[in-house]
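Please find one structure pasted underneath; my questions will follow.
We call the chains A, B, C and D, going by the order they appear; numbering starts again at 1 in every chain.
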């Protein structure tokens, strides 16, 4: 269970105290505030705060005085134009702040996106909880035989059981020893900044993560993608649901031009043109390597 | 006058429509929203949006679930501790979005602070207004004779008059020619992206500028400083007034530890220690160069 | 003439003093060092320093100990793979430092790319030279009638002459007054930080600009593009020539997958698939707006 | 041992092949190239590449054509001036690329410095080595009783032995299970991206880290400080030795104005002034909290 009853109560008390503001308000996003969305076995994502809405994007694009155009259809048209033509600065005018609880190995991937602000729970200062990510049966996958950094079918039977046993037992033992090492009963107690190094990478940590909409969409494009590791993709998917309600025009444009779109190389573009003229194009006369040709065929279906 | 009656009316309509939100609200900052604060002869700064308040800083510092400590004095104590020890990430959890109208030569200094988001009015796309910064009499200063990048006393008499005449006449003529060149009456009309290059650097531009509190305070430390050029300092001063009302604890800590504080070099620190022991310290036995000694003496009064 | 004889002599002296190094050396780039490549009427780009080469990209991708693979073909294959799949961090491992002389209005566009290091000549501290960009006849273009931020055909006849006369005369007059205002003969002399604001945006400035290869390629994709303003495109084109010699594999991959490639939207991709199956697709049944359809048709030729 | 004989041989072969270059060369830094400096029990830092030297800093500050002033003393004076007055952009004109092998918990602290480029060894793609950080006896410290995020005296006797046994045994067992889980002998083999999560935070990883001199000095000021965790401080100390030889003027200025210097608050500055006038100042009349006063007294010795 991601949140304790105390935490839940504290959050619910905050939910019951709306205040007045003159700022842009996104009704869709207000509904997400103070709701922690569960992810994996002990993790969650919750929106702590946000700045701006769809109209804030067009307002900045026009460097205008008021809230953008009167006409909603114009706002959406402009947002689609901006997305299509890679005008990224207006999307940077929206900001979101998330509170995320996630396994350390996911945090290590996530933090590679540097254009964001982060405050992580400090294991030098505080004691970590006994919470570890243990995959569900269908997420316990074999190494992919075609992709060096991917996974294949789910493990089964004894192999699956042994893996789960190792993951659980090693985590529990490591945590027992962690507690024992930092204990000050009858001993000095190891420094927390050292003891933490005994803990495996499936332990949960948490942080505040603040990012602008442009960089968030870039993160989502990479991490909500089918090539991303499952354990980070579920976080990205959960965030997608929030963004969809926060800035619906921007999110729809993002789906059309980024998530659902594709990039063709110069060679790929040339092949499409030749094929549309009725020419027979094969890998041999395509100007592409075998790998590229395979990817190209996957693309044009 | 910075705002036209139309713009003023549009802004005032928005002021009259408060909405409910579950986000952190800073009452001090709400009072600034939709008020354009005049700066220089045609410029202004106005807050368009903000995220967070003092409590949001401590909340992130504690990666806590609720609104920070119960006790306000604890919140201020923690904020002062964070500021004193250069823990910058909790301050990054607040964000502000400003709409600024400013002369181009000020914009060129401002943009050197790169950790911010910017949307500037496009002179490729749109036509600039006939608005130029012309200094007040007391800002019309001579080159400093001691500081290569500073200014001295105000110019007077004929010299001052001639300078003002040049600034005004050259700006008006340049703008007349700008208009004439882009006009399509009886001619093709020069591209706006070319015509703009005839305009001098005291013409006004405007932008949306979004920045986190940590980077904003860094900007203010440099630009609200007495060594900053007067024409950017007045913008920084205006923003200081807003930040003071937005995050009063953080702003007070900033004044005590950054604006009002000073950095001593290893040699300066050693000299202070020797002087406090009653030793006679001179430039010769201080280990400092003449320039450093002069700055040091200015510091310790 | 971009460089004075003195500057030329200083640079040439440095060219004649090669030194030994154990670092990665790019022979193609060494040939560019200390050659200022002229751009526009008074500008230039010159490489001051660089870090890394093609092998440095693969070395970082593999976090390897030595200089990458033995086989050159493998290096190129890996670089193409990295570019195709948007693995940007290995390209960030190469760095370039340029000295650029450019008109202020070009500098203002350029600086919008924030992930770079910049040192610009200070007009608060120093006196600017009397050098202004005046377009060649064929660059003196009319406002585009179809694109709000583009240009059309070249102006001709009297209109062209008048524009050139305005640009030249206004610049000369502004500079005369600039010199007169800062002069200390028989007067105090206006502060340089104020006097500079009388100068139009076609005056030349210069800076040192340092950027990693990934961000440089992003800059080139936007600025060497046909939609970029001509006056910045010529700088981007000049830099392309250098990059081609510096990291030939990376540059070729960039041409194939970025410059020569294209992004299809979800709707565009779907249309291509339908068309390849022999279906008749029109704007009406394409799911695209008229603007998108026009762009799509331009793409697939 | 940080490097295998093969790696050592590969590096040494590269050392024996100096090439000619026209770029700025730092003789002090050349001596470090291809020498892996051991840190902790299995870690190291080695310079892979660098850009610039002391003269490159002054060259950029002056936006000059050649290599800076003729006079070395002038270069040092300018560098000290730039450091003293927080003019950071010229220091950004130097760049360094390091290859670092370090425990994961150190890497997690390190990566919080975001203004750098990183390529880390991928445990999704590759198999990690059986190498774990086990502290030396004198680094096996108790939790500090005065500082929540610090450490006290070294543990001794049985307690120390038990900690070491836990750290070693848990690491070995976790690695045994890691190997067993990914093995494909007689089973499918768990995906590497999942198996890695069983490994504790004292396992070694490695990365290429590239950063400019300004941001590197900021990193060193925080991480070579006595308040930094010992296990990252030893890396910072090792890098300090390299920087000292790379840019001796800049490093000396850094020691005088940053590392050896101190920041006084407004209240602290006022107290120093009063004390120098002979006034008796106590915590009560200082305007400081007890914590601040204690830090202040530590400072003025």
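Going forward, contacts are C-beta pairs under 8 Å (C-beta built on N, C-alpha and C of every residue); 3 or more make two chains touch, one makes a residue touch a chain.
Bear in mind the structure is a predicted one, so any value in this text is a computation, not a measurement.
Minimum number of contact steps separating chain A from chain D: 1. Chain A and chain C have Cα centroids lying 33 Å from one another.
Averaging Cα coordinates per chain places chain A and chain B 34 Å apart.
Between chain B and chain C the centroid-to-centroid distance comes to 29 Å (mean Cα coordinates, whole Å).
The multi-chain contact residues of chain C, meaning those touching 2 or more other chains, are 89, 112, 118. The touch graph of the protein chains shown is complete. The residues of chain D lying in touch with chain C in their complex are 3, 7, 10-11, 13-15, 17-25, 30, 33-34, 48-52, 56, 59-61, 63, 65-67, 89-90, 92-93, 95, 97, 99, 117-121, 206-208, 210, 212. Those residues of chain D that touch chain B in the shared complex are 77, 80-81, 84, 86, 89, 112, 222, 255-257, 259-269, 272-273, 275-276, 289, 291-292, 295, 299-301. Across the complex, chain A is touched by residues 103-105, 108, 111-112, 114-115, 118, 122, 124-125, 133, 135, 140-144, 148-153, 155, 159, 162-163, 166-167, 170-171, 173-174, 177, 180-182, 184, 187-194, 196-202, 229 of chain D.
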